[in-house]
Amino acid sequence: MTALTGSPVTDAGSPPVGRRPAPRGNRWFARVGWRHLVAVLAVLFSLFPIAFVLSAALNPLGTLSSTELVPTEGVSFGNVSELFARTEFARWFVNSLLIAGLASLASIALSALAAYAFSRMRFRGRRVGLLSLLLIQMFPQFLAIVAIFLIFTTVTDLWPAIGFNTPWGLFLLYMGGALGVNTWLMKGFFDTLPRELDESATMDGATHAQIFFRIMLPLVAPILAVTGLLAFIGTINEFLMANVFLTDTDSKTLAVGMYGLLQGDERNNNFGIFAVATLLTAIPTVLVFQFLQRYIVSGLTAGAVKG
Amino acid sequence: MSTSPSGPGPAPQAPGREPVGSRPEKRRAARDHATTTMTGLAAKVVLLGLVAGIAIWAAFPLVEAEKWVGLALLAATTAGLFYLYLTRRHVPAKYLVPGTLFLVAFQVFPVLYTASTAFTNFGDGHRGSKQDAIVAIQTASVKQVPGSAEYALTVATKGDPATGPLVFLVTDPATGTVSVGDADGLRRLGPDEVTVAPGGKVTAADGFTVLNFGQASARSQEITELVVPTAGGALRSSGLSRAYEGTAVRAYDAGCDCIRDSETGRTWAADESTGSFVAADGERLAQGWKVGVGLRNFTRVLTDENISGPFLGTLIWNFAFAIGSTGGTFILGTLVALALHSPRMRGTNLYRVLLILPYAMPSFAMLLIWRDMFNTDFGLINNLFGLSVNWFGQEWSARAAVLLVQLWLGYPYMFLVATGALQAIPRELTEASSVDGASPWQSFRSVTMPLLLIALSPLLISSFAYNFNNFNAIYLTTEGGPFPADNPTNGATDLLITYTYRLAFGGQGAEFGFAAAISLFIFTIVAVVSAVSFRRTRKQEEVYA
Amino acid sequence: MRIRTAGVVAVFALALAASGCGGDSDEPATKESAKAAGGKLVIWADDKRTAALKPFAEKFGQENGVTVEVQAVSKDLQTNFVTASQQGSGPDVVVGAHDWIGNMVQNGAIDPVQLTADQKGAFNETAVKAVTFNGQLYGVPYAMENLALIRNTALAPEAPKTIEDLVATGKKLKAEKKASEILCLQSGQNGDAYHIYPLYTSAGGYLFGTAANGDYDPTDLGVGKPESIEAFKKIGALGEKGEGALKRSITPENSIATFTGKKCAFLVSGPWAVADVKKANIAYDITPVPGFAGGKEAQPFVGVQAFYVASKGKNKALAQEFVANYVTRPDLAVALYQAEPRPPALTAALDQVKGSDPDLAKFTEAGENGQVLPAIPAMAAIWDPFGKAEAAVIGGADPAKTITAAGKTIAGQIK
């Protein structure tokens, strides 16, 4: 936390709230001002590469050139109409929302269950299990593709409904990765919840399932929301597997369809509409985040601990 | 789809299977109060019903295809699930099994399969079986008999269009005569027996049903396999409307276990140790097959100078990269999360939305933009600061640039996670400490940070492990460069994974077996490091135990 | 708090129910995908070509009572095709560049195509040569592409005869502040073997020797030979420490954009760049890439896009019919040209469209002395080390040392 040490909090030796009166501006800065400063700097850092995407999206030539932030050829929305006219963007959008929405919900469900067990129960193979969960993710995906083809060729022969070129096949595959990093993330949060909570609940006669659903889940709501959002973003951007699975133009997801716009020599021709697509892709994520904000930021935990 | 969360098992838990390591006397008390909720029971019934339904649905194709092993596996899995969720024992398993089932099918199996290829020569030119290779060699050697005619072809049958035995009706373009051919040979038909359209296609023939394209294409495989022997070779179909007289110049001879070329008389003998057909002078046929090579791939990793030479340097940078990426994003993400974590802060909602935007955009697009920003002559960074640094052209600047890009891409993730973590820390704790007279910094150090670390340390370990193998971060930016002029195989920003990718796939065809062997080495390194750091988290984990 | 708890539980239940329902709702889909009466033809191509092919494939399907599906693989088409083929889930026909042939053949993924002498004769000779491998014709070509010099005629009215001419004009424009770069020839930090190749050949370098049957000979590697060192010395002289005409900062991303931004008068690129140039309203002309004064001809690579019949397709007869008898028709070639303006490989189709598009003839002319891009598997080992050597030399590294190392690496990769 070196960055924090250098921040005005310590410099000002900031007095605890309401003890001693301090110069007004200084106090404001120590309490709130530095927060805005950090946030604004971070936002600038975050946004400036995105400004180029915006510039390219509005540039009628649609070229990628970071020296010209302001399009010299004027501003146009031609790229937007071209995107919808030339590609199946709307379809990709809907496909992505469905797959990512479903997959992220299901995967937080699976990983929350597992995380609860890993955090609250003691059983043989627990730590080994946790570690293997991590290590399995380490194997390079580009090697696993051969095996994925092997599995799903059989699956497609037997059950075409969940095979190649179906969103369900892809969904199943994503469920394979549900336990990975998310379980680790959630386990960390379950670990921070005081044991006394479930112990007293057990004393009151609650079963393990009741403890999990009624006590634990509401308490980790912020992290469920965060994990859900991360899973959503992760799925929407997932590319390697979706590319293998979805080859019908109508069944593609955003990541796959958009990558197709940029491939090979087309990169320059399509960059303008690609930039539009990139910006539009961010919209569902922002909406999901807005929806989840109330779980992420709320007084839930405070109330729960008191109760 | 076995996502049953285990309904609330009716009360008394088997001793030692309690979810919480609580004290015995409490458990006894719990036993008396245990209740079964209706919703729990209903959920259990519905979900198990669903499992049964899916199992039955899945069983039919297995029966039809006579895949008895698969059927047994399905039955065992279903029975196992029913047992697990109807018994009161095995509580942890109730929570772990749903995710684990998917994990085993779609992650563990692929990994094991891939690992097993490390002991083979699996790769381009050696993907299939020996039989595949022989078929490929023979097919590739079919040549049109010099000077032979091109025939117009019509596919016909004597029986039902869908099942009757197939024949070829071929028209000689020079004479216009029509012959009928099947596996026994060619027989001429009289001109009055057939109706021939201009261009030579037969539209009707006495005693035969002519197949249209749709009907014929449904029996594509039979058509491809039908070879009509002739004096000079054999008539084969080329599509559905032409036939040609061709011979397979090369054929497999089981007697010598070799491929023989009938034109030149050359032979290529099968070499089972390398999985290829090799001539006496060392010439190798391109089409080979997959064979086991034992530990050869592993010894190659250890003995190949190209790999072992720069290994140490790459490994050190690899660690620096993983630690730098994880640490950088963690510090920045936490700092920003802390800054926004205050009831006095206004506009946090807007800040948060803007901050996660980088994470919401397809990373391959943003990596392109970053690459462009570091451009020596046209890039924003040099233009902005009036520099002319060749960022990706020098070792240390390239490394710094890669880490900066990683920071940009990854810190929104840490920011979100830290935000969630901070919310989960009861505010009473920090408030209590500030009432005790601690400065914000002190209360951060003594209360917030330790709790944050408990929540995030598992994540930091997994983030480290992820970044250790973060192929895309390097491959989409520097591609491992800059490279020393005299060594194009190992660059300054190469991770072990990008480096080995280049070795295994950059040459003449992909070498999956070799790549798998290297991956196993890397895997071992990551496993040891992770296991060691994981041991150290045990203390933290037990903080409340 | 109660309400919120309920909310969380509801979300959870929804997730579980949704994942459960997944299995159930599949059943109707199974019935839909029941086999059509006729056969089914599956074609894999990249996104751009999928869009162009679809109407024609559908027409082929309707005419013949079969189902045709054109599917787009957005990335790694060749690798995925080979892998899928091997496992039995590949398509019947695949569309791709001719330099994939070597690898697809060694994996037994494609079959030779039998064309009649008449059919072969209808194609551009170079295109037929490109798809011929080990004496067999493996694909039916439909479009060709090669590099040329695209020139901003407002800045440089005269076509340069040699590279030296070009550099002189470029330097003059730079001095007059009319342009900021001498030449837009993409390299990037790791080089670009495809784009530097015309200069490499003009300076006397070669990649592979030619075997007796006219194929490239992987055992005769030109990289690392004295000719290649000489060639790279000349290239290095144009580099950052020399004339400054070749720069690593000119990348695949920005080279066309820099040209259309009127910052350089010369662009070395292919037919794909023309659309952008037109969009930017630049007066332009297309001429062959010039060579070094007193050097050999600058020979660009000629690449060919072709249709292939998959060895393990489920419907090979239909695939052969489509590739050999349908793709060879000029109207399809013209339509594919309209979707993507590259010179058609079918002479009749080229004649039909070149009247309305003078650029085509110019690109064809620029490619006349070109060399067919080697399709032998060994070529895969060239790209990476060769490109890096180029970038290093442009950056000022010692050519002899660099190219020798590159040659050694390449030779080590060729089996």
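Residue numbering begins at 1 within each chain, and the chains themselves are lettered A, B and C in the order written.
Definition applied: a residue touches a chain if its C-beta (ideal position, glycine included) is under 8 Å from a C-beta of that chain, and two chains touch if they have at least 3 such contacts.
From a predicted model like this one, the values you see are computed outputs, not experimental measurements.
Q: Where the centre of all protein Cα atoms falls, which chain's Cα centre is nearest to that point?
A: The most central chain, going by mean C-alpha position, is B.
Q: Counting C-beta pairs in contact, which two chains come out on top?
A: A-B
Q: Could you state the distance in Å from the CA-based centre of chain A to that of chain C?
A: Averaging C-alpha atoms per chain gives centres 35 Å apart.
Q: Any idea how many Å lie between the Cα centroids of chain B and chain C?
A: 26
Q: State, to the nearest whole Å, the distance from the C-alpha centre of chain A to the C-alpha centre of chain B.
A: 21
Q: Can you list the residues of chain C that touch 2 or more other chains?
A: 12, 15-16, 19, 22-23, 26-27, 83, 86, 253-254, 258
Q: Residues touching two or more other chains, restricted to chain B: which are they?
A: 3, 5, 368, 372, 375, 378-379
Q: Residue numbers in chain A touching 2 or more other chains?
A: Within chain A, the residues that touch at least two other chains are 64-65, 106, 109, 146, 150, 159, 175, 213, 239, 259, 298, 300.
Q: Going by the contact rule set out above, which residues of chain A touch chain C in the complex?
A: 60-61, 63-65, 68, 72, 102, 105-106, 108-109, 112, 145-146, 149-150, 152-153, 156, 159-162, 164-166, 168, 171, 175, 213-214, 217-218, 221, 224, 239, 243-244, 247-249, 252, 256-257, 259-261, 263-269, 295, 298, 300, 303-304, 307
Q: In their complex, what parts of chain B are in touch with chain C?
A: Spelled out, the residues of chain B in touch with chain C are 1, 3-5, 43, 47, 50, 53-54, 57, 124-125, 127-128, 132-133, 135-136, 139-140, 142-144, 150, 212-221, 223-224, 237-242, 244, 246, 284, 286-288, 306, 368, 371-372, 375-379, 390, 392-393, 478-479, 481-483, 485-489, 502, 506-510.
Q: Quick one: which bits of chain C touch chain B in the complex? Just the residue numbers, please.
A: Going by the criterion above, the answer is residues 12-13, 15-16, 19-20, 22-24, 26-27, 37-39, 41, 63-66, 79, 82-83, 86, 102-103, 105-108, 111-114, 116, 134-136, 181, 189-190, 247-251, 253-254, 258, 311, 314-318, 320-325, 377-378, 380-381, 384-385, 388-389, 392-393, 395, 397-398, 401-402, 404-406, 409, 412-415.
Q: Can you check the complex and tell me which residues of chain C touch chain A?
A: That would be residues 1, 4-5, 8-9, 11-12, 14-16, 18-19, 22-23, 26-27, 29-30, 33, 44, 46-48, 50-51, 69, 71-76, 80, 83-84, 86-89, 252-254, 256-258, 260-261, 270, 272-273, 275-276, 279-280 of chain C.
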